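Just so it is clear, A, B, C, D, E and F label the chains in written order, and each chain counts residues from 1 on its own.
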Amino acid sequence: MKYIDEFRDGDIARKIAERLRAEALPGRQYSFMEFCGGHTHAISRYGVAELLPPNVRMVHGPGCPVCVLPIGRIDLAIQLALERDAIVCTYGDTMRVPASDGLSLVKAKARGGDIRMVYSAADALQIARQNPQREVVFFAIGFETTTPPTALAIRTAEREGLANFSVLCCHVLTPSAITHILESPEVRQYGTVPLDGFVGPAHVSIVIGSAPYDHFAEEYRKPVVIAGFEPLDVMQAVLMLVRQVNEGRAEVENEFTRAVTPEGNLTAQTLVSEMFELRTSFEWRGLGEVPYSALKIRPAYAAFDAERRFELGYRSVADNKACECGAILRGVKKPTDCKIFGTVCTPENPVGSCMVSSEGACAAHYSYGRFRDIPVRVERAAA
Amino acid sequence: MKYIDEFRDGDIARKIAERLRAEALPGRQYSFMEFCGGHTHAISRYGVAELLPPNVRMVHGPGCPVCVLPIGRIDLAIQLALERDAIVCTYGDTMRVPASDGLSLVKAKARGGDIRMVYSAADALQIARQNPQREVVFFAIGFETTTPPTALAIRTAEREGLANFSVLCCHVLTPSAITHILESPEVRQYGTVPLDGFVGPAHVSIVIGSAPYDHFAEEYRKPVVIAGFEPLDVMQAVLMLVRQVNEGRAEVENEFTRAVTPEGNLTAQTLVSEMFELRTSFEWRGLGEVPYSALKIRPAYAAFDAERRFELGYRSVADNKACECGAILRGVKKPTDCKIFGTVCTPENPVGSCMVSSEGACAAHYSYGRFRDIPVRVERAAA
Amino acid sequence: MCLAIPTRLIEIRPGAQALVDLGGIRKEISIALVPEAAVGDYVIVHVGHAIGLIDPEEAERTLRMFGELTAQEAS
Amino acid sequence: MCLAIPTRLIEIRPGAQALVDLGGIRKEISIALVPEAAVGDYVIVHVGHAIGLIDPEEAERTLRMFGELTAQEAS
Amino acid sequence: MTTRKDYTRPLDIKHGRVDMGHGAGGRAAAQLIEEVFVKAFDNPYLRQGNDGAALAIPAGHRLVMATDAHVVSPLFFPGGDVGCLSVHGTINDVAMCGARPLYLTASFILEEGFPLAELKRIVDSMAAAAREAGVPVVTGDTKVVEKGKGDGVFISTTGLGVVPQGVDVGGANARPGDVILLSGTIGDHGVAVLSKRESLEFETTIASDTAALHTLVAAMLEAAPGGVRVLRDPTRGGLATTLNEIARQSGVGMLLDEAAIPVLPQVDAACELLGLDPLYVANEGKLVAVCAPEATEVVLAAMRAHPRGAAAVRIGSVTEDPHHFVQMATRFGGRRVVDWLSGEQLPRIC
Amino acid sequence: MTTRKDYTRPLDIKHGRVDMGHGAGGRAAAQLIEEVFVKAFDNPYLRQGNDGAALAIPAGHRLVMATDAHVVSPLFFPGGDVGCLSVHGTINDVAMCGARPLYLTASFILEEGFPLAELKRIVDSMAAAAREAGVPVVTGDTKVVEKGKGDGVFISTTGLGVVPQGVDVGGANARPGDVILLSGTIGDHGVAVLSKRESLEFETTIASDTAALHTLVAAMLEAAPGGVRVLRDPTRGGLATTLNEIARQSGVGMLLDEAAIPVLPQVDAACELLGLDPLYVANEGKLVAVCAPEATEVVLAAMRAHPRGAAAVRIGSVTEDPHHFVQMATRFGGRRVVDWLSGEQLPRIC
């Protein structure tokens, strides 16, 4: 697969690893946050961590749209399916995210909710066309990457006059999340989270471009390297970050120039700003209320806004007490710092959202990295 | 079971049989039509024919509501289910009646029609209450026995304001069918069907009383004996008919006095005439258009009339060419006179309606009486 | 046609409903069409509705009549 | 997050749809968000929509850069 | 060092429901199998945990295999449930071949959303039935289908049994002059199930006769090893259809005596009310035997000495009839054909 | 005198559909069985027409039984359909116990309204698969469920096989140092099925690998009778889950070499597109074998000499690991856990 396989080459990986070992200063600790779950996933699945020098530590960020979805939002989707008899269409990733009352979309479906997994927002439109007598709600999650297809679906619905289609909009914004982390007391004041730089988003940046990150480099004096989601991209970005740190620079660099330009995809941006406007505040799982961090549907398209159409009232629901997702999403804790990691909380029975998506820090560590550190003894099973 | 078992006593049957043999004049042939399928069924299931003298012949009449249901009426019910997306509720008996295009309600159900078997008209109401967003149509068939419960359902729906319930009314009237047979050329002119008298309806008469039959006895000089549906009732009625014939009488006698009065069930009659009015004409399978032989819903209850509600247009459909149901229902032919009886037409694959209900002349003969006359050789099956 | 069965009325219930018994089987039916029916009566049930009542004396008489020598003797 | 894959655009279809190829797998996707895409381009597909294009020269350059001795040498 | 399983939270049997993950073959499936199935059926074969079970079989026997899918609705009915039914049904089919049932396999198709508590109740009932019959469930399978593509639970069971030397039982063995025996009342199962069908509901004390008949069969075969020609359990289609099947297979006719066929009064009444004929109503704990005339008395005695055959009777005999008609002398004094079931047994109004 | 069957009109296979009567056990059921099932599977066992089949078994073997329900959607997919799948799947489960499969039973749950033409196509495909494998379907059962309570057709099959003397294959037999072999590419079946799923649809030339593996197994066992310790077909849950099962059963760990695991480019691409991992995608014609180290070469040679094992490779080895982790050296140069499948394999966006 062109533009994929070349970026997974183990021989080149070893070369970059050598460089990293040569350039990372022995006396120094490097801590970089990979903002995106895509990077987290690549690091875990390809075993990138094994190839990094011991003094380079990767900190997982909040860049997994499933992980940051708060319980209250899933509850709304479940409510639409179970109480309002709507067909709720959603991406497969959200199906197992824990909601209130021990539910999740998977479990709500098992209880009779008409919840359908779609591959694309366009599929949800199609379902609405095929079921004119039913309300069809697209449960839209995702960062800037995923927002344009949702905008397109709304535009299409509007042009076709599809009267039974609406969107439960949960689209969130990357830069506000990064700001939130940089503004957090752990990073700013106590320095409990020493962050030497960011691996910046890949596919988000295709849409928004690299310009929005300039601000972080300037304001917070943190190096940023925008990187693709292939493992060589990640390693190269780490090398570039090490170099910036070593040289005392704090710039926005772009490792992913094959897809990311400074200005991004203007067609997509225009479409998104036609359909959506900023929310003054939005709850993120782990981060709490984050100002100007999400989008809502503009009043002109209110007919397609499930929140207005069904007069939904948002209710914030606290996460499980034991769950450390919040701290993990802010980079303050590691999965293994959670007391219930791998025991009560497993991918099979996720307690927190970080255990759901394979891009979640906990799920990635459980599924791919557990052999390194868990003192579990697996009993010889009966069957 | 009180009032049932006593009327199925084989010892008494033998006594009546003896009387019959004693009283039936050896030189004379007696032909009696049992109007009702209930009698046909009793005769076949209990083996009553075996106990009658050879010169007493029973002719099956058109008194099976399933058998007389024309193809066009089933087509309407199927159309409601398959094209109008209605829930069609119906008595189990109608499920296999052949319709156009090789369909039947069973087959329409297999093709996705939401067709539900009910035990009572009240069940159809309940389904309507439970499915407010769907149209629910009760496919109402039957003679005067079955009409009052339908009338009650309409009255209840009206009082409850059930907006999604309607009735496809196919209720037919016994006396008009009897008149039609007596007026038929075979009976009146050619004498090809020598009818010496009638075994009159049992349960129909509970509702309409015995008085409506007086007319036949007087006008057509035919003895009538109203009889219950138990086998002893039938035998006793035959005995009473033989006696009338022997004595040259043509009266209405009532063997079923334990349930039938001259005036019938006035509560039921009042209710029926409140909801229904006469149709000027109605198609019967086998008999063709019979004037004033069926009921329709009064304009005051038009909202509950599926024919009006869905603007249904009736289309008469000819029976299968080979099928002799018409002649059989008029008493002109016997099942075995039909060329496809027991071969192409079986209860499994009924071609005509007489092969559907176990009260149909063909089905009764196939299922119970076939051993007497079919030169079938059954091949040793492979499995 | 018109399958209908004599059953014993054992309980009258609200809404013109009643519980009937047939050989140990009990079922709720409507007696809206026979408002005169009382507990102990045998009602004739068709498609979940009582459509008439059994007259016990007439039933007796009919049974006695069966097969008697002549029509005259039966009366 | 945001699973997205570079695929080769092999056919443009009505309604801003296009057929793409990835290692022999073909799928119809939307190119409404990249109206500039042409047959032969590698478009980056996310949830059934192309959201961007691959710049082949930049891809080349990046591959060359990997692991080179210093940041300087890569440019 | 603590030792613990790699999943720690046990299934929430009380409130949980089957979801698609339970059928995906991963850890959730393994957990369901372990905590519900293996726990209930517990036996060394199942504990092998392989793709199939390795089994021991006594030497010098012929083998018999039988299989049935069980799809009853409702799943729970007076006297039983789909679980014990699926054990009895297949044990009986094995036994009707004259075999001693030794092992069962069970394959489950669960509908997404099915309550785990009901599943457990069904599996426990199966396990109890298997234990009581002495026939272990040695291997199994579980699939989950989406809500609306199943009906709670379907269970297909397969039985393996061995036929003792000298036994030759089969549907083609009936000969004119043979005697037809029935082990007890007919229609109990079908009426018990119908009594719980939505919209038909009626009150009855009738319970399903669901039961394993292999020990009854063993007693019969022991009493008259060569005298039992045909055995069959009159399940779907009822006694009437079963006898027609035998008549066709053996190329014979039959003549039944209606008065001899035992029907419980409540079954009779329910059939009267719904317009059904008990001859076509399903049984799950009764058998029909065709015996050599000379073996009749000893077989009947053996049946009556067994709890499952206490009410056994002779109901008719095999005749020579090129039409293979099953005929019946009615209690009323007439005669009629008793035909195959046609279509479904539906409540009628006429 | 003309001789004719007691039903004359044959089933309308072309336009007909399954209705409830076909499952009611009466004449319609008998006709369906005769004209569709018996006709296709035709063999002397089935023709016995009894409640079960009486079978012959070679003396001196242990028996193996395996059962599986087959509920694939869509029913027809590139390379196969639920019919042949239900034959291959169970033959393979029997074979994975080291047994030679001899007989199959089949139990069908049909949804009301299912076209008879599709049923016939499926049954014919089953029959062809059974014939090709030399394993007859000896008895069966058919039930019909109401529309909306099934999904076209579900097929549960049970297989019976015999284990030759001296063969001891089982999931608990893996020992540290053993070698893990894989018979060919992974993920073909799952990708072929996904490619036809509504709303995922993509074009591919990938076909399901569905195939019977018993002759491959026979060849392997013949090559190294005592050297094959574990055999398993990585179906639902994929290679990853199958290896975890074995690791748990045997109480060992494993170390795989990602670069050695063969995946077809199109399978790789489809997984990339949908966010799936080929390690978790189902196979229906592949096996995993754990072999004694000294038997590796001869077993591998035997596999490669067989058409179903031509691409057989060594993919890793068994380790001592109290955690029973299956680990993998990535092609990229790192290392990771290969865990059980968790939940369902769903297409992901992130």
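Here, contacts are C-beta pairs under 8 Å (C-beta built on N, C-alpha and C of every residue); 3 or more make two chains touch, one makes a residue touch a chain.
The chain list, named the UniProt way, goes like this: A, B = Hydrogenase maturation factor; C, D = Hydrogenase formation protein HypC; E, F = Hydrogenase expression/formation protein HypE.
Note that the structure is predicted; figures quoted are calculated from it, not measured.
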(message) Hopping along touching chains only, can you work out the least number of steps from subunit A (Hydrogenase maturation factor) to subunit D?
(response) 1
(request) List every chain that touches both subunit C and subunit F. (result) B, E
(request) Compute the shortest path length in steps from subunit A (Hydrogenase maturation factor) to subunit B (Hydrogenase maturation factor) over the network of touching chains. (result) 2
(message) Quick check for the class: compute each chain's Cα centroid; which one is farthest from the centroid of subunit D?
(response) C
(request) Name whichever of C-E and B-E has more C-beta pairs touching across its two chains. (result) B-E
(request) Give, as an integer number of Å, the spacing between the C-alpha centres of subunit F and subunit A (Hydrogenase maturation factor). (result) 38
(message) Rounded to a whole Å, what is the gap between the Cα centroids of subunit B (Hydrogenase maturation factor) and subunit F?
(response) 54
(message) Averaging over Cα atoms per chain, report the distance between subunit B (Hydrogenase maturation factor) and subunit C in Å.
(response) 21
(request) Would you give the residues of subunit B (Hydrogenase maturation factor) that are in contact with at least 2 other chains, written as numbers and ranges? (result) 1, 4, 37-38, 64-66, 91, 106, 119, 123, 142, 146, 346-348, 357, 359, 376-378, 381, 383
(message) Can you list every residue of subunit C that touches 2 or more other chains, as numbers and ranges?
(response) 1-3, 5, 22-23, 46-47
(message) Where in subunit E do residues touch at least two different other chains?
(response) 6, 20-21, 26-28, 30, 49, 248-249, 265, 268-269, 272, 324, 342-343, 348-350
(request) So, with touch as defined above, which chain pairs make the list? (result) A-D, A-E, A-F, B-C, B-E, B-F, C-E, D-F, E-F
(message) Residue numbers of subunit E touching subunit A (Hydrogenase maturation factor) in their complex, please.
(response) 1-9, 12, 15, 17-21, 26-28, 30-31, 33-34, 38, 46-47, 49, 112-113, 147
(request) In the complex, go through subunit E and note every residue touching subunit F. (result) 6, 20-21, 23-30, 48-57, 59, 62-71, 73, 92-94, 96-97, 99, 103, 105-109, 138-143, 145-146, 148-151, 154, 156, 158-161, 163, 170-172, 232-233, 235-238, 241, 245, 248-249, 280, 282, 324, 340-345
(request) Using the touch definition up top, name the residues of subunit C that touch subunit B (Hydrogenase maturation factor) in the complex. (result) 1-6, 8, 22-23, 30, 32-35, 42, 44, 46-49, 51-56, 58-59, 61-63, 65-71
(message) Help me check something: in the complex, which residues belonging to subunit C touch subunit E?
(response) 1-3, 5, 7, 22-27, 45-47
(request) Under the touch definition given earlier, write down the residues of subunit E that touch subunit C in their complex. (result) 201-205, 265-266, 268-270, 272-273, 275, 348-350
